[in-house]
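Can you read through this structure? Questions will come right after.
Lettered A, B, C, D and E in written order, each chain numbered from 1.
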Amino acid sequence: MNVELRKKAKELLKTKQVEMIIGYQRGPDGISATPVFITREEEAENLIWDVYCVYNLSNYLKDFPGKKIGIIAKECDVRSIIVLLQENQLKRDDIFIIGVECSGVIAEHTLASGKESPGELDFDEKCKACRPSTPRLYDYLVSQKDQKDKGVLPEENPYQDIRKFEAKSIEERFKFWQEEFSRCIRCYACRQICPMCYCPRCVADQTMPTWFSRAPDLEGNLAWNVIRAFHLAGRCIDCGECERACPVGIPLREVNKKIEKDIKELFDYEAGAGVDQKPLLSCFDQNDPEDFIR
Amino acid sequence: MKNIYLPHVVEIVDVQEETPDVKTFKLKFRDNVVEESFDYRPGQFVELSVFGEGEAPFCFSNSPTRRNVIECSVKRMGQVTEALHEMDTGDTVGIRGPYGNGFPLEDLKGKNLLFVAGGIGLAPLRSLINYCLDNRKDYKTLTIVNGARTSKDLMYRNEYPVWEKAKDTSLHLTVDCQEENWTCMVGVVPKVLEQIKPTCGNSVAIVCGPPIMIKFTMPTLLKLGFCEDAIITTLEMKMKCGLGQCGRCNIGHLYVCKDGPVFSYSQLKDKNFQF
Amino acid sequence: MKIGVFTCHCGTNIAATVDVEKVAQAAAEFPGVTFSTAYNYMCSDPGQNIVKKAIKEHALDRVVIASCSPSLHEKTFRKCVEDAGINPYLVEMANIREHCSWVHPEGEQTTAKAIELVRIAVAKVSRDRPLEMTYTPIEKKVLIIGGGIAGIQSAIDIAFANYPAVIVEREPSIGGRMASFDKTFPTLDCAACILTPKMVTVSQSEHVTIHTYSEIEEVTGYVGNFTVKIRKKPRSVDINKCTGCGVCYGKCPVRVPSEFDQGLGKRPAIYIPFPQAVPNVPVIDRESCLWFTEQKCGICQKVCPFGAIDYDMEDEIIEEKFGAIIVATGFQQFDYSVYGEYGYGKFKNVITGLHFERMVNSSGPTGGKIIKPSDGKEAREVVFIQCIGSRDEQKGVPYCSRLCCMYTAKHALLLREHNPDAQAYVFYIDIRAAGKNYEEFVKKVQDEYGAIYLRGRVSRIFEKGDKLIVRGADTLSGAQIEIEADLVVMATGLVAMPDAVSLAQMLHIPYDQNNLFTEAHPKLAPVETITSGIFLTGACQAPKDIPDAVATASAASVKALGLMVQDKLAREPLIARVIPELCSGCRACIEACPFSAIETEEIEDLRLRRKRTVVKVIEGVCTGCGICTTACRMSAIDLEGFSNRQIMEELAVL
Amino acid sequence: MNKSQIPDHSPQKNSGDRNLKAPIKDFEPKIVGFLCNWCSYAGADLAGTSRIKYPPNIRVIRVPCSGRVNPLFVLNCLMNGVDGVLVSGCHIGDCHYSEGNFYARRRFAILKRLLEYIGIDPRRFQMAWVSAAEGERWAKLVGELVEEIKEAGPNEHFGGNR
Amino acid sequence: MLKSITKEDFFTRVGELSNDFEIIGPMELPLKGIFYQSILNTEDLYLGDGFAIEPIKKFFLEPSTRLLRYPWKNEPGVESFSPPERERIAIGVRPCEAKGLVLLDSVFDPPASSDLIPNSAPGAGKKSSNRAGSTYQDAFYTNNRKRTIIVGLACGRPDRCCFCTSLGVSPAGTTGMDVLLFEIEGGFAIEIITDRGKGIFGALGKELSEEEKKLLTSVNNKREDLLEKKIRVPESMDTIFTSDYWDKVSRSCISCGICTYLCPTCHCFDLIDERRIKLRCYDGCSFPHFTLHASGENPRPTKKERYRQRVFHKFDYFKINFGENLCVGCGRCIRFCPVKIDIGDIVDKAPLSKKR
């Protein structure tokens, strides 16, 4: 299928349908995949697509405004592209989505343990909540006939862990997150790698007013991590990039998932469902639940 | 060891509105001992802090030779300058410094000096001009070219009559576009320089203004015969610490806050204006 | 920054529980405060003079008044500081009366809270920005949607003040529902006699333009500057050539049920809806006209002496600008077919009130005879059933339609007048006759016209021979009642027009669960909507009788004229403001704004060195609710007067 | 200890004693209420004009609409040691701006659950609808809030440092 | 002086020292990694082969330092925070990190200049002096350095990101150390380097036998060979400043702060006034707002300029100013980069043209 991918990429560049293709290439370690930005046909030979292609490349789309960009995207990445389209951060005509069928990608951190072959490696957590699938939006689909049945099995209950955690006592929950957030160094990798974090100036960086402390202390870190997740409500498509990027191992997906679960329960809302979807917090239903209101 | 971030407390003793968005603040030290010992050279700057809002660098706009107070001209731009513009006489702010190298006063001695200023760029030059006037015998002719977008944006207007009258001193004012009742020159600074044709022999040009003006003035000066070492300028850059530590104001290996803000054209050309 | 704090004793209202002097002393220590004092009544003239004097003497640039609720005196003190030369938006109030002295007992805690409230106000005022009123120009023309009595009255009022008005009416003629009424309660004036002169007045007014057979296509803009697209449906008759001679409809071979007569009579395919129609120009009903259905006939074109018939006429869209819009779209009858037990549609002799109106009208389809539609024989025993659809949460609407009681009484009266042998029976739940001479009227109908009022519901109607058996209960006597009636008249309720919701959405005005348009305030702003510049009149807001419709029409006209007479529209500056550098152009705010007060614009981004789309606030439309500020993740949109910096500063000193 | 007595800790004070708070017995919670101008603020005014007594622990921040209340305001309060935060607006359907409270309801439904999830006592952040006519209800609400937050105890996790 | 000491004795001694000193050292958090922390129980001290995620820098140039406070009163004023005085021992510091501190010293603790007000500013127009770095001593950093004894730990298992030897740092280097530990069978070999080191561990352990010394030397000699990654560091990068290369290598950069925050030598910071306190917090040249002027002008508007700045600061500017590279080859920025940007590789492969 890499052959097909490369062929399509060359064609797109040759016919000038796109100026650049954002895809994956084999990383310096010879195993993992890293982003590659291809502008010349011959470079297309470097393109790959396999279980090591973890990254959500849609984050890079904002770097090339006004350019015609081809992008290789799996289902989760496509959903983030959809949200970006919803939020007018992209023009549909400017992007050419080369959809790839995905049956799960590996958990990148397990590479460090020395394991290398797909069989040995765990699938990424995010894939366990996702059905192996064809992207819901694409301009060209590269199908993955050969690998279809090796995919990850979706969890029966994707929010099981969240529910388990919710059942803990308030003190336990606080202690857990206090410890997790205390490690945060405010490097903002979670923000920078998130395709949805495109604000010209993040509230964390604003000074008029300063919304919360920029010092990496408990208050500042908790406020940052809460508001980061909150600002992703109805927008996070669980590509898991924030958690992967976090150098100190904060389980950020567990916060994102919590909101994802809540908005599903409360408002039957799922991020990135379609281009015409209204933003979660810019619409309402007369009958939204209000049992929490006195 | 002394906390290098601890500012001296100064009181605003006067606020002058120079232009619609520039105010000049006259500052007086609370502590007499500091007042006595504080010394600076034209071209240096201070970190001026509004307590609780932050700090920003401002050059001295008055000459150390006539100093009852410290003067800083502030253009309304961001958080600190906005807060400063809200302030009034009697309010207190902090200053720490002076920082930076300042103008090479010794090197300028015995030279004809051409001052080229655009907008608020006149602030550091005013300090130097008045310094030269107070040490008049050390310097030869003084030519001042001062441009602004409109006549409203001309700074230090009450100095002009004094400068015009001073010995061997000429003042050329210019605005970008013709206005009603405007009798001085019209056109951007490089154009005006070409008209004035200041002498380049034994001369030093001191240029200060917005980046775009500096960019276009340099070639004009070279064309007029100024050599690269004889053109000096002061640069603006985002600065936080003023100490050469925080890492944002460097041009190549030079820190504007510490190794500048005064540079010669030859220095900058070497650096390719590398940011 | 030089803040002055002025603490009010309010007689003993504050001073009884709060140590006012202590508050004033404490306030003097707050950062930025250079003057603090207390006085007995700050809002009194001497009190205000203290403020003014202190502003001058101490060169104050911001003021905090610690007294009562800002809802009482915020305006007072804004004016006060403005008089003293301070921007009126550089004043804040600390509510130490309603929120403190009146609700807490005397003691240290209460004084401490008062001090805190002042501290919060001082913090806020330190972040206040001077603001100026904004002005938007006003298009001096009023759009009236709907040409019924309410719309007509509005147009007359506006024309009377010499301002132009444009009526857009969907039907071929103005006149609305009232044109089909016979008499009006309680005075029994002939509806046509009082309506027709108004129709003539409005049609002859040089200030009024009437677009009949037209609908609103699109509304954009905001108060003072609405741009409206009006779709003129093809009348197929040139309104300028036609003289209303009537030859064409005399010769038309087609006969279809007449809408105006509620289907009781027939009309040709080219027709005027009723004799007094304005304009008195026929329209071709393309659904039934043979030229359009079968491409033949063409008689009307042949007979028209003026060549006014134009089969090729097409939809025309015109665009006009308006400063204000009056919505007078009226109501429709409740569709009571949901009451299967009453046999509407099945039993020809079960009719609605509007049928009755046509029947009783001497120029109507029956020539004023009250007949049984089944056989054309005169009806003697007539049963009226009230509250059809009204006050019925299950099948109808929960509200009372207000006029059914009255028109039923009128019908009962007219019945006897037209046929002295007839007997009216009225089934009712309650008689609601709250109006001038209304109760008297009902009483008269009962006493002098012998109408029999039965309190109860009709359970069933069925045919027996050529009679209708009406079975119901009289809850007052407790008896089961059966009436052999010739005719049953349903007093159907008034409900919103079928397309009310789409119009509301077009106009960005809210509507309630019954699709009736919602007024800005049920008591204090009954003809305004929350969208400024759009007003409501008549039954589109709630069921109204003619006097109420006319009254609200005049009220709405006054509101619209209030805009018309201004040169520019002054707007409070407490509105949203976009900081373009922070805006990503995601348009979450546009989606959330209830007033459509935000639009996009393209700017040159200095930082990114390229063009980029951001949003901007339409100053004339923004109401200052601040909903956009929270929809915006990047805080790129802020609200003057309640800005992020102000609120965060308040929180910082807590 | 009165937290309002400002961030006036000595320079030597380090994070070690940040949790130094008053014993719970004398604990007088500090509650911040964000009240919409048209309903809840007016309701609180009515409580005043009706002279209905309630505890003085609440500090009211007036906002035009509950839809104006940014979750960052709420977080800011909690992070600075405020013991309880209330957002109060018009009843559904009564919003002066017709829709503001719908947005607020949705937004804070998410925030409330999220705060609970990370271990912040649900009593510390609450929402209520109070109309302009409900002076009595306002007074009762404040009374109840104060009691609940007293039970919850001081918000000692945060703000000791500031 | 080289001695050997059993693990037990070592930890006992550390336990004793913890009465008088704050002990800082690596601690392993399960599933999360290794973190330098204030150690309350000596058992928590992790002295294995793994590397801490954050460098020891965070105890010297802290992620946030409170510099000043402005008391809340009518009369605005300002007070200084006095730096803490408690003495500390940092245990388990890697040679690269210790070298990093020495490099930071040249910025924050330069040889004392005669005064803070330069009376003779370097004349513009003249050739500027070679050393253009800071001449201001930072009280907070200097104090942290003064009050901390560094007990290093030689590296036994460098990973594939480590490239310290390419920058003149040895896995058993002693630069910046007071004491250096070598893991040996049953305990540590302990090298006392300074008097401060002697003061705490001098009385401990027994002299190494000649045999042991030999063994250690042979192990130490092999340490450098364990590093797979070797890069060529150019003398100057001047010639490729304007190259397209920077655009290419920076494209996948996401502009986060991982590389700068985790770097033992990166020291860019921001000064922030927050809640009436002036804080010094980490900042990084990779962030888009780092150099953004209030006017909207940004001299480093894209990733290209920002990434180039990072490389040049490390391998060019700092060298001009201080004669050394501002990189110790610890590999953190490579190890933790979410998009696997490899600074070593980038420097190594930089297409340097011939000198101009």
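Following the convention adopted for this analysis, a contact is a pair of C-beta atoms (placed from the backbone, for glycine too) under 8 Å apart; a residue touches a chain by one contact, two chains touch by 3 or more.
From a predicted model like this one, the values you see are computed outputs, not experimental measurements.
Fewest steps needed to get from chain C to chain D, stepping only to touching chains, is 1.
Think of each touching pair as a link: the shortest run of links from chain A to chain E has 1 of them. Across B-C and C-E, the chain pair carrying more C-beta contacts is C-E. Seen from the C-alpha centroid of chain B, the farthest chain centroid is that of C. Mean C-alpha position of chain B lies 38 Å from that of chain E.
Chain D and chain E have Cα centroids lying 44 Å from one another. Here the spacing of chain A and chain B, counted between their Cα centres, is 49 Å. Remark: chain B and chain D have CA centroids separated by 50 Å (rounded to whole angstrom). For chain D, residues touching at least two other chains, in rising order: 6, 71-72, 76, 80, 99, 103, 107, 162. Annotation for chain A: residues 201, 203, 207-208, 210-211, 213, 217, 281-282 touch two or more other chains.
In chain E, the residues that reach two or more other chains under the touch definition are 72, 76, 80-81, 270, 272, 275-276, 292, 295, 297. Across the interface of their complex, chain C is touched by residues 2-4, 6, 30, 32, 37, 41-42, 44-45, 47-49, 51-56, 59-65, 67-73, 76-77, 80, 82, 96-100, 103-104, 107, 139 of chain D.
Residues 72-74, 76, 275, 292, 295-298, 301 of chain E are the ones that touch chain C when the two sit in their complex. Chain A meets chain E in the complex at residues 27-29, 32, 34-37, 55, 59-60, 63, 183, 185-189, 191-193, 201, 205, 207, 210, 213-217, 241, 244-245, 247-249. Residues 67-68, 70, 75-78, 80-81, 107-108, 116-119, 121-126, 128, 132-140, 142-143, 241-242, 267-273, 275-276, 278, 280, 283, 285, 290-295, 297, 299-300, 305, 309, 312-313, 316-318, 320-321 of chain E are the ones that touch chain B when the two sit in their complex. The touching residues of chain C, counted against chain A in their complex, run 581-589, 591-592, 607-608, 610, 612-613, 630-631, 633-636, 644-645, 648-649.
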